[in-house]
Amino acid sequence: MKFRRIGRPQWLLLVSCAALLVVGLACGGTTTPEPSTAPSQAQQSQPAASGSSAEAAPTPTFTPMPTRVLDATPTAIPVPTPVSIDERPDWWQEGEGKHYRGTFPMVGNSNPGFWDVHYGGSLNTTLMPSSPRFNQLVEYNPVKPSEIIGDLASTWEVSDDGTEYVFHLKDATWSDGAPVTAEDVVFSLDRITLPGAQRARTGFLRAFYEHQTAEVIDTQTVRVPLKYQAPTFMPNLASDYMKMYPKHIAEDLTQEEANQPENLIGSGPWLLGGWQKDVSYTFERNTTYFKEGRPFFDGIIVHLIPDTARRIAALQAGQVLGTFNPFTGVNRPEAMAVLEEETDGQVRALILPSAGFEAYFLNNAKPPFDDERVRRAFYLGLDRDLGIERAVRGFGQPGTFFSPGVVEDLADLRANNPAFAEDRTAAIAEAKQLLAEAGYPDGLSVKMNTRNAIPTLPAAEVAGEQLRRDIGIDIEIVPNDLATTYAVMRDGTHEISTVGTGIILTDPADILNQFYLQDVLRNPQNWQDDRVDELIDLQNRAIDQRVRQGHLEEIASILHTGSSHLVVYFWGGAGGALDYRIRNFHLPPTVQQIHKWDHVWFDPDREQPTETGYQP
Amino acid sequence: MATRDITAEGGSQVRNALLGIPAAYRSTVDLVRRKPLGAVGGATALILIFVAIASRLAILPVPDPYASVGDIFLAPSPEYPMGTDVIGRDILSRVLYGTWISLYVGLGSVLIGITAGFVLGITSTYAGGFVDLAFQRVVDALMSIPGLILALSIMAVLGSSLNNVILAIVIGMLAPVIRTVRSQVLTLKEMDYVTAARAIGARPQRIVFRHIMPNCLAIYIIMATYYLGFAIIIEASLSFLGVGAPPDEPSWGGILTVASREAPETGIWLLVFPGIFIFIAVLAFNVLGDALRDVLDPRLRGR
Amino acid sequence: MTTYIVRRLLLFIPTILIVTIIIFLLMWIVPGDTAMLILTGNDPNEGGRVSLEDVERLRAKLGLDRPVHIQYGDWLWDMLRGDLGESLWYQTPVIDELGGRFITTVQLAVMGMGLAFIVAVPLGIVSAVKQDTKLDYMSRLFALLGIAMPTFLIAIVVTYVLAYVFDWLPPLDYANLWEQPLTNLQQMIFPALAIAFHDLAFTARVTRSSMLETMRDDYVRTARAKGLTEMGVIGRHALKNALLPIITVSGYQFGRLLGGVVIVEVIFLVPGIGNMLIDAIIHRDFVVIQAVVVLVAAVVMFLNLVIDLIYGVLDPRIRYQ
């Protein structure tokens, strides 16, 4: 060796390791990790809350099983029940008593996009950040979502033929102090139905309400005529997208200005505090909110954490006390259940069992799926129970075409439809025979345009593996992001596509509008059946609920021949998580409802419930 | 240099081959003695190649990596030594088969990418003038575009498949390879023996094939080993961003991505096995590359 | 020298043009556009009726239905006048956001490279001086650990260890370095460590080979012959000269990091360029993508020029034509 005279340069190694360690410790290890003062104090006091220190509270064991998922499916159409302004239920009093001083930390998963709820069309980017700032005319009762109660309206009357509504308004003010008047309501209804304007989610109202036909009767009363007697008018009007805007502000805004966070104001419980992209948005309490005493927090900060593992870590470590608003498809029910278990019930899982479905769009304009027999073979061959068990770990229900329990009877399907039977042999045999008849006796291979999201991707893997094994349909999965998935669907080059889809209302009309009309995005190759078209029209106008149900059942029976472009795999849940001390949140029927966040409160003294799952 | 030319022209193919064996043996022994770390890396690489071929030929005693064999997310047990995955496939057989997929992606992209880089680099340098100037601007441009943008858009355009992953990796590595080759060729062009060859009237083709290419071979081999590890990592990163190989293909990156997604619910053990395989493979190729460089790089040979 | 700089600066123009053309073409052939995403939403559980007519109308409004060369021409003209345009998705001027994000990413890259430097240079020196000994092998293996793992794995493991072993996570709500330096440091140190860990191998390797090379040079031999201590030889002569290529290579590496720390930024919630890019790609927000890419490309090229010039100043053997 030439360099014999060198000392011992090992110290260099030591120094470098030490340097890494020192820097790491200096910046991380020593600081105290409290997100905000009040909630963390409360958190520490949790075990001692019972008072008796000697007797350790029995640690409840949690076994979050899919079977205990709350069934929140209400009747198809909620019952409108007028509520007068003087009515203050008991919980209102209790919430006021527990008013939270401080900014409450919660977590969200994606940046806001458009701040005009009439324009934008997305739960995470529009509804979650914007809904808390505005009110609707009527709303789903946040503590009993199967009811529709007044929001800005106190009471309303319906004409005998059901084609005219008269709403009476409460005394409410916009956040700039101006009163909410009938003028504003008329303006907002017309803004929602403005011809030619983009109204991603509110545009449905055009089906019932003719632009510029509502009239002001006096400052507190407004008359709204309908095109026809429509049982789904009120459920649509109560949706969180149907927000009322102040005429004196909104009429001067261009669409671009309205989409910005700072321009629009509302009458809602919350004012926007601030927004930093990729970081957080904050709300401040509207102190002049017309529902006196609400909301029950001074402020809320919503930290944006797109990465699932990091989001769960933040919930687990108590950096945030719940998911804001609180359901989204990216919070997987099974993950939330595990979270509850791992935090010993500190964080409670909220699971909405049938928030949306996984479905396969078969290209009915191109071989092989232009052949009805091949579509039916696919419909029969799909093992829905296996999909639920593997792709969503049991948190799902077999793929009915309408929301579970609303039109189809699952027990009846299980008994009489081979595709849903527990014993798969009949379905597989029939599927194979259909494929053989269609000219594919040895099976066939197709590409599947798959959105790379959860649970769409694992579901596609399960389905692909099972179909290859059972009926010889060899599926090559091609994962794409959302934009590509839809583009490929629309341009017609796909063979099968799959993208998870949700519903805004449990009402069957929502499904029919999304999938079975012509020239809609989710019927890209315009699958069409004369009888279905006829029935869609009939059920829209049916006044008698039983008659409408009959039409819907006939549509379902046509769809269950498996001839349409759409095969529903399973209904899956959306998840959320709330600290058990957050009170009064009640499961809504869909993820898109009850987003104002003006009815829940934080009770630091609450004893941990022994039952699993979130308890209101 | 002269000696080598004479042997190449005068000797028969057979004699060359025969002479090659002891030489290769001797240099292997030499490598093991002088570069034990590199030798370990080389041995590991050989084992990985063996595993890859064996799993490709399906002669390993493991279940079909594409078929589900049991319940989902079973923890490691004697029956399933690495547990089962998101749809109940045996992770051990997937990870083993993943060796084939990863080496296919790695070797495929390295061979195509570096060869193409060499051809383009040498051609452009020799073409000189405006062509070279313009071509270097394209290389500059490619180098200054964030690699993520290129990879994501290529995958979005072409759709997700193993071969497209290779293409995305190739385009990502092309510009730096061309840059390195170019600087090497520029140095070689000024070397005395090249100048001499030019002076005695050798045609440019002859200079390239006789003098430039053989001397670039060392660089080629070194870059190939480094980029092999790099390609395996990039494949994993593409999978993580959701644009890698299709999810049913058992690539290491794909297995690791699913594991990272499911780990919060299922357990951190999911990350261990695919992680270790990636780790070992990349480490092995890098160590091998380091040793080869010490041995082959003329500037470092020195003693 | 001046002519060299002018020539290099002039060459920027075609290069940037090529960058913009490549990006524009790529974005043109990438399927999907912002209009459809605005209408369909981004969550797996989205619903609502979306008609194809709505999609076409919105595309027209966003100007996405124009021929690609017109779009490119308009965009280029705007950019030449200093207008980077408005985000298609957020409808806010891109320029408002770009500066702050860029600084954040630069901070992350500087911290990452700094940490890598602190560890890698000593490691590299040790393995060069003790070439082919156990010490050499150990330090080289250590340096390679980070490169043998995908960054997302490093990031996930770090988060996991922090949360489950130390029961601590970096504070949420990104804090500005100037306003809350301590919080900022807590948030940035772990992504920086992840980057450093990954970059270690590269810097250590360059240090090692550069040291090996210089230690064979004549002046080092002379120094040793003069009877200087080994520490003196290494520190004063070899290292000083070996540092030059290390710094150069690190400079190029720094440019690469600016556009390449996406995964680390996403997992560690750093609101930098990478997060902005990934968001823009998901939303097919071509305007934002273009702006970010042009900025990164320009900075990288400028950086490379500066490095070349510094190299020239420090190494008298190099002359610019």
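So that you can tell them apart, the chains are marked A, B and C in the order they are listed, and the count of residues begins at 1 in each.
We take it that a contact is a pair of C-beta atoms (placed from the backbone, for glycine too) under 8 Å apart; a residue touches a chain by one contact, two chains touch by 3 or more.
What you see is a predicted model, and the numbers here were worked out from it, not measured in a lab.
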Comparison of A-C and A-B by number of C-beta pairs in contact, larger one: A-C
Chain located farthest away, centre of subunit A as origin (C-alpha): B
Where subunit B and subunit C are represented by their mean Cα positions, the distance between them in whole Å: 23
Between subunit A and subunit C, centroid-to-centroid distance (C-alpha), Å: 37
Mean-CA-position distance for subunit B and subunit A (Å): 45
Residues of subunit B touching at least two other chains: 156, 260, 263
Touching two or more other chains - residues of subunit C: 30-32, 156, 160
Two or more partner chains touched - positions in subunit A: 309, 313, 454, 480-481, 484
Subunit C-facing residues of subunit B, complex: 34-37, 134, 137-138, 140-150, 152-154, 156-157, 229, 233, 236-237, 240-241, 253, 256, 260, 263, 268, 271, 275, 278-280, 282-283, 286-287, 290, 293, 297, 299-300, 302
Touching residues (chain side subunit B, partner subunit A) in the complex: 66-68, 72, 86-88, 156, 159-161, 242-243, 246-248, 260-261, 263-265
Subunit B contact footprint on subunit A (complex, rising order): 308-309, 312-313, 332, 334-335, 338, 389-391, 393, 452, 454, 457-458, 460-462, 464-465, 469, 476-481, 484
List of subunit A residues in touch with subunit C within their complex: 3, 5-7, 9-10, 12-13, 15-17, 19-20, 23-24, 27-29, 31, 33, 35, 105, 110-111, 113-114, 120-126, 196, 198, 200-201, 203-204, 256, 259-260, 276-280, 301, 303, 305-307, 309-310, 313-314, 316-317, 319-320, 327-330, 355-356, 451, 453-456, 480-488, 490-491, 500-504, 510, 513-514, 517, 519-522, 524, 574, 591-592
Complex contact set, residues of subunit C against subunit B: 11, 14-16, 18-19, 22-23, 26-27, 29-32, 132, 137, 140-141, 144-145, 147-153, 156-157, 160, 201, 205, 209, 212-213, 216, 255-256, 258-260, 262-263, 274, 277-278, 281, 289, 292-293, 296-298, 300-301
